[in-house]
Amino acid sequence: MNKVLFFAHLRDSAGVESVEFAASGKTVADLKELISEQFGLQNFDTVMTAINEEFATDDEVIQEGDTIAFIPPVSGG
Amino acid sequence: MNKVLFFAHLRDSAGVESVEFAASGKTVADLKELISEQFGLQNFDTVMTAINEEFATDDEVIQEGDTIAFIPPVSGG
Amino acid sequence: MKFFEIAKDPINTQSVIDKVIQREAGAITTFIGTVRELTHGKKTLYLVYEAYEPMAVKKLAQIGTEIEERWPGSKVAITHRVGKLDITDIAVVIAVSTPHRADAYEANRYAIERIKEIVPIWKKEHWEDGQEWIGNQLETVAYPSGKPEEGDLGE
Amino acid sequence: MKFFEIAKDPINTQSVIDKVIQREAGAITTFIGTVRELTHGKKTLYLVYEAYEPMAVKKLAQIGTEIEERWPGSKVAITHRVGKLDITDIAVVIAVSTPHRADAYEANRYAIERIKEIVPIWKKEHWEDGQEWIGNQLETVAYPSGKPEEGDLGE
């Protein structure tokens, strides 16, 4: 299983902070599509993804136990 | 009479912090020449002059009571 | 000493500055980001900052490494606050020391621009008539391809 | 409040920063000039700064006015220390607040460059084998004509 984390407006839209999801073997792009459908999330094309706290590209393949975070455009500073 | 102030290496060379000097009616250039001769001061061409705490050009004429300061290249900061 | 931190309590600017003091440095610059009352003429009541904390600390440290490689002899410390912040409260303090002053300005500015690109921290603005998570403050689409650029990927 | 000061005692950075806090500001930059141990490979033991104090205060204030005219909405405070300073001691603190961050960096940098041009403060470096009044740190002849340029003349 994989832990999937939501932040900022994605968390508000999803209504949860995190979910457990079987994502092992899927690419980041696959997971994005599944998650955006399941939670009805919009604007996923500007959302970045992190695997185990490092940015990942859409073609990266998720491993068992990886923590996935969806990172909306950041606004710190 | 006029008060004439020396700073940094000029003060070390002149051996005094200030002198009283009758400079009224003279230009800054005149005063520079007189002072550099009297105190044996070198490198007066990079020295700026202030009259009453404002920079003055060499052709400015000194008035009675003005305070004159010779300002070597500054090195604050 | 922790040079890169996410803080829940008010930031003490001096303590961030103290981390970068070095005998080889002639210049220290700090950037202090404060909560401004007006943005595009709209009155902010307060902000809430949220971070993906472990990743945010890693990315702040990455920015520090980038700076220390690019400006030799530099030293960097960054603390970013999360939670509710009122007008004039400090959101972030960046301190950079370098041997020469030009580098201290450039390296510090690099840090704040990178924070706005790669550090997972978000702010929610609260106005009298509503609230909103603020997107990309660079006012460009930072990732038009939907993925970070090569240089933004980890260490 | 005195925004432009020559100080005989150690400078409290925070107190300089506090002078420029404003609800309209989103950014505060500070420049802290410290005494560096090595310059061109030569080891400094300590420095002595001297100022033509009343004129120095006026010229610092002039720099503040120049900045507030050039970067609208900015606020500036500068304190420069005089006397004997040891390695890592603070010689000058410049704090600038502005609504937007780019201005805060640019205005602050402008301040330190102007200090090195027009403020009557001098430093004497003390090494193991001697001492010397330092001339023009810009490492150019600032006034080849022997007189300040038009823009440098006070009001």
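Chains here go by letter, A, B, C and D, matching the order in which they are written, and residues are numbered from 1 within each.
By our rule, contacts are C-beta pairs under 8 Å (C-beta built on N, C-alpha and C of every residue); 3 or more make two chains touch, one makes a residue touch a chain.
In this text, all values refer to a predicted model and were calculated from it rather than measured experimentally.
Chain centres computed from CA atoms place B at the largest separation from chain C.
If each chain is reduced to the centroid of its CA atoms, chain B and chain D end up 24 Å from each other. Separating the centre of chain A from that of chain D, both taken as means of CA atoms, is a distance of 49 Å. A separation of 72 Å divides the Cα centre of chain A from that of chain B.
Within chain C, residues 33, 101, 112 each touch two or more of the remaining chains. Residue positions 77 of chain B each touch two or more of the other chains. Contacts between chains, counted with the stated touch criterion, involve the pairs A-C, B-D, C-D. Residues 33, 49-52, 54-56, 58, 80, 91-92, 112, 115-124, 133-137, 141-143, 146-148, 152-154 of chain D touch chain B in their complex.
Residues of chain A that touch chain C in their complex: 5, 7-9, 12, 44-50, 53-55, 57-58, 69, 71-77. Chain C meets chain D in the complex at residues 13-14, 17, 21-39, 87-88, 97, 99, 101, 104-105, 108-109, 112.
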